[in-house]
Structure formats: structure tokens, C-alpha cells
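Below are structures written as C-alpha cells.
Common to both upcoming complexes is subunit A, partnered first by subunit B, then by subunit C.
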Partner chain A sequence: MDVRAQISMVFHLDKCIGCHTCSIACKNIWTDRKGAEYMWWNNVETKPGTGFPTKWEDQDSYRGGWKVENGKLELRSTDKRGTVANIFHNPSMPSLDDYYEPWTYDYGELFNAPEGTDQPTARPISMITGNPMDIEAGPNWDDDLSGSPVYAKNDPNFAHLSDEQKSQLFAIERMVMFYFPRICNHCLNPACVAACPSGALYKRGEDGIVLIDQNRCRAWRACVAACPYKKTYYNWQTGKSEKCILCFPRLETGQAPACFHSCVGRIRYLGVLLYDADRIETVASMDDKELIGAHRDLILDPNDPEVIAEARKNGVHDSVIESAQASPVYKFVKNWGIALPPHIEYRTLPMLFYVPPLLPVMSSQEEGGLMNDIDELFGDIEKARAPISYLAKIFGAGNESYLRYALKKQMAVRLWRRAVTVGDITKEEAEKALTAADTTPEEADEIYRMTALCTFDDRFVIPPSHREEAIEMLEDPLEYKQSAGFGFRTGPRRGL
Partner chain B sequence: MATVTLTAQQDTDEFFKQNCTSCHTIGGGRLTGPDLKNVEKRRDRAWLIRFIQDPQAMIASGDPEAQKLLREARGVVMPKVVGITKKRAAKILDLIAAESKLEKSRFAGLSLSDRPFTEEDRTIGRELFLGTRRLKGGGPPCLSCHTVNGVGGLGGGELGPDLTDAYARLEGRKVLGAWLASPSTETMAPVFKKHPIDPDEILPLLAFLETESKEGTPATTGSNINFVLLGVVGATALLFLFDYFWRRRFTGVRARLVRGQR
Partner chain C sequence: MSEQIISLEDLHVLLFVVLPYLAFVIFLLVTIQRYRRQTFTYSSLSSQFLENKHHFWGMVPFHYGILTVLFGHFVAFLIPGTILAWNSSPIRLYILEVTALIFGILTLIGFVNTMLRRYFDDRVRRVTTAADWILYGILLFQIATGVWVAIGHRWGSSWFASNAAPYLWSLLKMDPQIAYVQPLPWAIKLHIVSAFTLIAFFPFTRLVHILVVPNPYLWRKTQVVRWNWDRSKRRVS
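The block that comes next holds the complex of A and B.
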């Protein structure tokens, strides 16, 4: 057992309202620079939809992630031969058009327009060329348009749906959508790190954050092609690749990352997990169907004395172990089993988990009145507007049982709370639902509290970073003693 | 010390065999160059050492003896041997002197069969030349550097001389055969040193070259132009092929998605 710590995340999709506040918070802090205008380290997608960059889930085109070949785990994007063959042009790399051409507006034309009979307009200006341009796509193009004939219809997760299911999804007045906010998953088996020919990417030992060394990056862009979530981006100005850094400067000072902090719907949870690094390769090579369970088993119980002893042996600080014991992520993923990894079939073992959205038909209009459909307790999950098989394609590697379990439990919690607070459902009925969903009133209350009444400190259990210890490994903290104070970087210039 | 002397002796033998026997014999009669038996009785040792070190310079200096030798060899200039030194030249002369005293020297020349060339010889020779039949020693086929009568479609290699009239120029089987037994030019020697041509293969090659020398004259530059043209056409075709194979290289995923949707 090789116990390590990983800062992990849970996004509760049932609470996401798709306001993009997270994206803007991130953009304003990190990617509001030349060369980074098109990057969205955090973005929010409407599902069904093709996302950002367009159709990123279509690995036949982008060839991200890992595949198992002859029992061995191999990168899809490249191998020794492929590196040479594609050295000047990598055909599976997203182009700027697949992201979008970033633009601003010439506001001067608006504000300084001479008096006339027409409305003045602000012309869009490309932030790359500086010339006027026609806007054709954007990072959240077709936002809130689940039935759009071009983008939504080409959602790669529809590939296996029957025509009937598809037509149901797109039927007017039945259309359904949910939001899918995405950041770097800080995977356990990151394809971007494996693909880099310069060794510029690394996974931080103390908290598992995946970073790109800007000094070592040589602009190969192999990480861009290899990441199946397309969460590394190439900065055309600096000639280096960049990615979400999970706001590590904020984490190190005990603050939640900007996108977590600013989240209006409070959908985001962050906490540290302990995992067994010895078994990463074995787990990542498993069958699609076994992946979710095996990935979950990789996460260790932070209260198990054996795990604690092994963690200590590996230099994991006691305060980090304590933090792992209080981690909300551990509760969602391990205790309750309602948070699932996105597209685990890419085999990077993402450490960002999603609570799948409930999209039931709770009521329908009949004879002028609103009728509640709660006769069959779980019938509405099967009849949910988004087919479970569609959700299972995203969050279950096609495995519906995990999805059904997570949705049932959420539904049971709703019914239970309804019985407690409204009372139009009897407690017996609600308890029956809880038992059927493999949960108890106590657990249901706990889930309810963590979902609906969670405070800042409930949501973000940030482990102390102990940078003072990390820095001691690199340099002597007393090196600058007696030499601090006023000084000059360049010699002072006197007079005029 | 004895071992060292022995090694030095073997070294001289080997050096002589590799560099000299293609044109000279000791008591085997004239090949391209004269028979070296008792050469020191005919010429002064100091003169010989100077000549061995740089034959071309001696000929260029207008030395009357050297000019005479050139005429006797019908204009074939003895190449400057790679790695020759004054000391080595002296050792070679010692070797020649020692071998001259023997009844039958080891370097009396190659004993090739005198039987007339058969049709089979010619066929095998042709295959060896073209490389469709591999040389037993593992050496490269003649075609990779030489040509005869524009053989094999593109006219063979351009690195070595055209061998169409080689058989006639080198006076048939004895001289040319000796050459093939140990090619000694700067280009061929390093290649065939480790992969010598098998004695059984020499006769078929001679048969083939004899036929070719009867049939043709050395080719003109016509084949060169064809070669260049073919190169240009081939490169262009290859570019078009690349363009076809990677025709979607500038079309991203989104562009394909929205095409025809507006």
C-alpha cells in the first residue's frame, strides 16, 4: 500500500443553475491575458450539447485518454512512432476553430457614434488578429439550447441511443437539459503528464494537483491532445501550455479555489482523499464495467488505523489525515455513493466527482390543474426526461446501475424530507423509499444537510499545505536571515 | 615480442593481398600492372618506395620510368593506396623479395578455370550484377554503384564507372578476375574487405561482363535526365498523394459539424 493524499472535488449537478459565475471568477484571476483569451480553465456546458471545445467527448476525433492494448495501458493520442509521424502536425489536436476565436467589441463605435437615424452598434473585434470578425462560435455556444439541431444533436453521448429515445429527447415541451461545469479533474492517472515529451507536467506529491512547469514546457502540445477532457490549453503568446492549477496559491493559504468560492448554487465541495497509488495501473487497465467500483476502492478509509499508519510512513502530515477524515468528498463518493466520475472510460481516473442531476417529471398539467405524480415512488426515475442511459454514458461508462443507485437515493431523500416538512407523504411511505434506496433516515438527513444547508466550512475542508515544510526541502529558510530589508535590484541612479 | 613480429608479418601479407593483388602478381605474369617478381633487380629500391607512396605524383612529375609504366598499363594509373607509409612500402618490398625466391608464390595470381563461359554463367552473372541473386559474402550488388548498357530500367548506379567496356579494357578474364578477387579502389576496398566476392561468383560475373562488352557501348547521359525527370514526377505524385490522404487536416471538428447547416 502506497498511501498518498489527493485534493478532490464534488460538483452537485442537481444544484447547478448554469450562471457561469465560476467561469468568470476563474477568467478574471487566471486567463485574462494575451494568448489565454480563449482558455476557460473552468467552463459550464449545457447538456445535451457538444461542449467546449466542440465535441470534446468524441475521442475518435481527439484521441484523448488511455486505451488498453494487449492488456497494457497505452495513450490513445501518441506512441513512439506517432510522435515522429506527427511531429509537425498533430491531426487530433483541437484547432482554434474547435475552441472559438476570442473577441471583444469596439465600444468606441457605440459611445462616440454620431447622431443618426439608426441604432449604433459595437463591432466584434478578434482578440487574436485585432480585425473585425464574424462571431461563429463561443465557449458556451448554444447555452440553454438543449434541442438545437446542430450542436445538441451531435452530442457524442447520443451515439448509442435508439432513434426513439433521441426523438423523445428532442420532442417539443419534453426537452430537457442540465448543466455540466468542468475544471481539470486532477486525475490519478493523468494522460497529459504521461504524454509530455519534455517532462514539464507533474502531479504535486503533497496534494495531487497536476501542474505544468512553465520553464520546462517546450510547446509540443502533446498534453493538449492527450487530455481527454481537453483541459490543457496552449498559450499562443508565451508558447507554453497552461491548465487549471486548482488555485493552489489560494489553497495554500486556506482559501477555496476561486470557482468554488464564487459558486452561487453552492454546488462545489472540496476535500482531501487518501488513496492507494500502488494499484493505479491495475485499476486503470480494468474493464469498462468494473472501472467505477475499482476507482472507488482505490480511495482508502481515512479512519482505518492501517491506512493512517501507512500514510504517516509516506510523510502525509497528521493534519492532512484529520482533514481527510472530515472530507465532504469522502462522504459523497464513499459513504453515500452518490457522486460519480465523469467519463471514467477514458481511464485517467479523474478525481472530480459529479452528483448526477435528478430530472424527473414531478408534476403534469391535467384538466387545467397541476397534478403530482408520486404514485409510484421510483417510477419517475425510470421515466426521467433524460434517459438514464444518456446519463450513464457520461457518468457511468455506460453502466446504469451506479446511476440508478445515485438517483434513487437522491429521490428517496427528497421524499423523506417532503414527508418531514410538508407531510403530504406519510413517513411510512418515505421510509419504504429510503430502504429501497439503500439508505436510512439518519443518512438521508445527513445528505439533506450537506446538500441544502451546507456552510462554507462544510463544503470546503482544505488541508493545511505545510509549505513551510515543503520549502525546507528546497532551500534553507535561514538563507536570507540578516540580509532582508531595503535594497536595490539594480544600482540606484542619482540626480537627473 | 615474437608475437608482435608475427602480427606485423601477417599484417603486411594481408595488406598486400588486399591492396596489390587486384593488379599485380608475384611470378604470375602481368595483370593490369606488371609482375612484381624480382622487381628490385629491375628498379632501384629508393625509386620503388617513392613510387609506391604516391604513383600519381611520380607520373605527374614526368619521371621517364613512370611514364613508361603508364604506357604499358594502357593509361591505367596506379591508385594511391590508403594507409601507405614509407615504412610499409619497405616492408612490402621485403615481402616481394622473399616471395620472389620461392618456386611458387602465394601471390602468383588467382587460378581461374579456363573453361569457356556457358549460358548458365551469363544468367547467374546477370542476376549477381542486378542483385536478384545475393552475393555469398554479403557484399552489395554491382548495380548499386555501377551500370552496364543502361541495365535494369533506371540504368544502375552512378557512383562507380560504367562497366560496359570493363571486360575489354582490362583484357578479359585474368586481369578483371584478379580485380574482382580483391577490389582495391578507395571506394570498393572498405566495402568488399569484409564481404569478399566468392571465387565461384567471379566466373559468372566475368561471363556477364564479357557479353555486355561485346554488345554495347557506354551509355550517354540520356539515362541521367530520365532519372531526374522520374524524380520530379515521383515527388510531385507523392505530394498529391499526401494531400489526398490528409485532405481533412485543416478541417476541425466544429467546421465539419456546422457544414451545410446554415
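The block that comes next holds the complex of A and C.
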């Protein structure tokens, strides 16, 4: 057992209102620079929809993530020899047009235009060429356009749905959508790290954050092609790849990452998980259907004395273990089993989990009051406007059982709270629903509190980073005086 | 004959003794210093992201062409005797020469494509610096004279082995013998001079990416983890 700590995340999709505040917070801090304008380390997509970059989930064309061939785990984009052979032109590299051409407006025209009878306009200007351009796409171009034949119908997760299910999704007045905020998943088996020819990408040992060493990146672009979530971006100005850094300078000072901190819907949770690094490769090579369970088993119980002993032996600080014991992520993923990894079939073992949306609210139940029959209520999950098989494509690698479990439990919590606060359902019936959903009134209350009444400190349990002790563990700190700092200080110029 | 400012002899010394040493000194000092002080600037500065179609037709023929051609030069420099022996049979000589010419032309085509793409694609032109254009000029000259030599002055593989290789070795041994290069035709001399110019200019350009090609990649572990402390040497308190 090789116990390591990983800062992990949960996004509660039922709470996401799609306001993009997270994206803006991130953009203002990290990517408001030349070469990075088109990057959205955090973005929010409307599902069903094509996402950003367009149709990123279609790995037949983007070729991201891992595949298992002859029992061996291999990158889909290229194997090692292929990377060297294709280093001059990466065949799986997305281009700017797969994202969008960043633009600004020629605002000066509004003031400088000669007096005339027509209203002066600010034309869109490309932020790359500086030329006037026609805007054809943007980072959230299909925002709220679910049901549209151009965007939603091209969602790669529909490929397997029957015509009946498809027509169900696009019928007027039955259309459904939910928001899908995405950041880097800081995976346990990151494809971007494995693909980098320069070894510039790495996972931080102490907290599992995946970073790109800007000094070692040589613009071979393999990480951009390899990441199935398309969360590494190529900076066309500096000639270096960049990605979400989980705001590590904020985490190290005990602050939540900007997107987490600013989240209006309070959908985001962050905490430490302990996991067994020895079994990563075995788990990542498993069958699609077993992946979610095996991935979940990789996460260790932070209260288990054996795990604690092994963690200590591995140098995990006691305060980090304590933090893992209080982790809200552990509760959602392990205790309650209602948070699921996105597209686990890419086999990168993402450490960002989503509570699947319990959509839509059951308006059909209105006439004659709420239906009391438990079978009917759960039956409704099956008949939900967003077909379970569609959601399972995103959150279950096609395995519907974990998704159904998570939805049922959330529904039972709703029924239970309805019984407690409104009372038009009897507690007996609600308890029956809880039992059927494998939960108890106590757990239901806990889930309710963590979902609806959670405070800042409930949502973010940030482990102390102990960077000062990192050196003390090894050497006399006095010898290392003046050697700490924030890396290199030259400006990110292009070339010499 | 009117008075010359500089005699031909002096010119040869300047171009084939002073220039190469100067070039190598600049190359060594600047690449090392740049790597130490400005590691960040070591990048291939790929523009595939901005333009993904023509990129293939420039980069792939150019790189495979020039790698093969450079490899040929290097082999002839290392084992000139073997090359001469190989060339003693005309058939083998033709095979070698035709191969070299094909890859030379491949390089030229790829390079011209690359230049055209640089110039005509708006996005790519925006990320092209003055240093890039100077480099393109020198490289184009270098490749064009190379192809011209291959066509106009036949059996380069043989005279490279008999003349250029000993000359380069003499440079390396710090005992420059320009007698080897003096009788060569002017096209070849230009090719040599432009090569040294390129070496001198190399550390100031994007060419430094050649020095940081991914060599440990094929041997390293799949995943990279960096610890902020040494796991093996941890102090047990």
C-alpha cells in the first residue's frame, strides 16, 4: 500500500445555476494574458451540448485518454514511439478553430468615428491577428441552447441513444438541460503527464495537483492531444502549454481556489482523499463497467488505523490525515456514494466528482398532489426527461447502476425532507423510500445539510500544505535561507 | 591588377578559419548562458495550434529531409574512408547520391512550404519575429546552395569525404588546413560559409529546440511525480 494524499473536488450539479462566475474569477486571475485569451481553465457547459472545445467528448476524433490493448494501458493519441515520430506535426492536435478565435472590439471607433448620420459601431477585432473578424464561436457558444439541432443534437453522448430516446429529448416542452462546469480533474493516471516528451508535466506528490513546468515545456503539444477532457491548453504566444493549477498559491495559504470561492450556487466542495497509489495501473486497466467501483475502492478510509499508519510512514502529515477525515469529498464519494467521476472510461481516474443532476423537478406530479407510491416516484427517475442512459454515458461509462443509486438516494432525501418540513408525505412512507434508496433518516439529514445548509468551512476543508516543513524534513532550514520563492521571474517572452 | 583591400588568401582565412571558430565560440557561450539564464525561452514555438493544415506539408518533409541530410553529413565526417570505399562502385555511388538529392529536395520543398505558410497565414505571421525571418533567409540560402551543389557539382559524397571531412577534422584538431577547401567551387564555399553563419546565429533563434529534443522520454516511467521533499531521505523525528 502506497498511501498518498490528493486534493479532490465535488461539483453538485443540482445546484449549478450556470452563471459562469467561476469562469470569470479564473479568467481574471490566471488567463487574462496574451496567448491565453482563448483558454478557460474553468468553463461551464450546457448539457446536452457540444461543449468546449467543440465536441471534446468525441475521442474518435480527438483521441484523448487511455485505451487498453492486449491487457496493456496505452495512450489513445500515440504510443511513445509514435510521439517521437509525430513530433513535427501532431496528428491529434486540436487547433484554434476547435476552440474559438478570441476577439475584442474596436472601441476607439465609438469615439473617433467622424460625425455622420449613422451610429458608429465597434467592430469585433481578432485578438490574434488584430484584423476585423466575424465571430463564429465562443467558449460558451451553446449556452442554454439545449434542444437546438445545431448544438445539443451533436452531443457525442447521444451516439448510442435510440431514436425514441432522442425524440424524447428534443420534444418541445420536454426539453431538458443542466450545466456542466469543468476544471482540470487532477487525475490519478493523467494522460497529459504520461504523454509529455519533455517530462514537463508532473503530479505534485504532496497533494496530487497536476502542473506544467513552464521552464521545461518545449511546445511538443502532446499533452493537449492526450488530455481527453481538453484541459491542457497551448499558449500560442509563449510557446508553452498551460493548465488549471487548482490555484495552488491560494491553497498553500489556506484559501479556496478562485472558482470554488466565487461559486454563487455553492456547488463546489474541496477536500483531501487518501488513496493507494500502488493500484492505479491495475484499476485503470479494468473493464469499463468495473471502473467506477474500482476507482472508488482506490480511495482509502482515513479513519482506518492501518491506513493512518501507512500514510504516516509515507510522510503524509498528521494534519493532512485529519483534514482527510473531515473531507466533504469523502462523504459524497465514499460514505454516501452519490458523487461520480466524469467519463471514467477515459481511464485517467479523474479526482473531480459530480453529484448527478436530479432533473427535472417532477411537474407531472402536480395534479392531485404529490404521488405517494414509492415505486411511482422512483419510476419517475427512469422516465426522467434526461434519460438515465444519457447521464450514464457521462457519469458512468455506460454503467447505469451507480447513477441510478445516486439519483434514487437524492430523490429519497427530497422525499424525507418533504415529509419533515411540509408533511404531505407521511414519515413512514418517506422512510420506506429511504430504505429503498439504501439510506437512513440520519444520513438523509446529513446529505441535506451538506447540500443545502453548508457553510464555507463545510465545503472547503483545505489541508495545511506544510511547505516550510518540506525542507525541514530533509535539511537544516537555516541552510536553505533565502532559497524559497516563486520560481523564475523573467517575463514570459516569446523566444529570445 | 588594381590594389585589393583584402587578398583572396586573407579572405579564405577569414571565412574558413576565423568564422568557424568564432561561430563555435558564440554557439557554445550563448546556448549555455541562455539555457542557464533564460530556460523559459527554450521552446520549439510550434504554430500548429494556429494553423493545422499546411503545417503538415511544411514541417514533415522539412524535418525528415533535413535530419536525413544532416545525418549524411555527419556520417561522411565521421567515417570518410568507408564512404569512399562504398562509392568505389558506381551503382552504390548513384544510390547514395540520389538518396541524398531526394532528401535535399524534400527539405527544400518543405522549407518553402513553411515559409509560404509563415508569410501568407495571418495568424502565423503574427507570431513570426524578425529573428525568425533572418533565420529563414539564412536557412533558405543554406538549403538552396546545398541542393545546387548536389545537382551542379556531382558526387558530393566522395569529395565531402576527401576534402570537407579532413578540413572539418583539421578545425577540430585546432590545426586548420584551408588547402582542402581552397580549390572547391564557389557554390560549395558559399554553402560552407553559410553553415558557419547559421551556427553562429543558432543560439539567438528558435533553433535551440534541437538541443532539447526529448531524449529521456522513451526510457522514463509513464507517470511523473515530484515531491517537495526527498522520500528516501526523510528525517524520522
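Note that the second predicted complex is superposed on the first by the 443 of 496 C-alpha atoms of A that agree within 3 Å, B and C clash if a C-alpha of one lies under 4 Å from a C-alpha of the other, contacts with A are read in each partner's own complex, and residues count from 1 in each chain.
Throughout what follows, contacts are C-beta pairs under 8 Å (C-beta built on N, C-alpha and C of every residue); 3 or more make two chains touch, one makes a residue touch a chain.
Since the model is a prediction, treat every value here as computed from it, not as a measurement.
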Which superposed partner A:C217 touches (first subunit B, second subunit C, both, neither): second
Partner chain(s) touched by A:A137 [first = subunit B, second = subunit C, both, neither]: first
Touching partner for A:P197 - first (subunit B), second (subunit C), both, neither: second
Which superposed partner A:Y151 touches (first subunit B, second subunit C, both, neither): first
Which superposed partner A:H89 touches (first subunit B, second subunit C, both, neither): both
Partner chain(s) touched by A:K80 [first = subunit B, second = subunit C, both, neither]: second
Dominant toucher of subunit A (residue count), subunit B or subunit C: C
First (subunit B), second (subunit C), both or neither touched by A:S61: first
Partner chain(s) touched by A:D458 [first = subunit B, second = subunit C, both, neither]: neither
Partner chain in contact with A:G239 - subunit B first, subunit C second, else both or neither: second
Interface residues of subunit A shared between complexes with subunit B and subunit C: 89, 94-95, 97
Residue ranges of subunit A in contact with subunit B within the complex: 50, 53-55, 58, 61-62, 89, 91, 94-95, 97-98, 136-137, 149-151, 154
Subunit A-touching residues of subunit C, taken from the complex the two chains share: 34, 38-52, 55-56, 59-60, 62-64, 122-123, 126-127, 129, 131-132, 204-206, 209, 212-214, 216-218, 220, 222-231, 233-235
Subunit B residues touching subunit A - in the complex, by the definition given at the top: 246, 248-250, 252-255, 257-258, 261
Parts of subunit A lying in touch with subunit C, wherever the complex brings them together: 80-81, 83-84, 87-90, 93-97, 128-131, 189-190, 193-194, 196-199, 201-206, 214-221, 224, 234, 236-240, 280, 314-315, 467, 470-474, 488, 490, 492-496
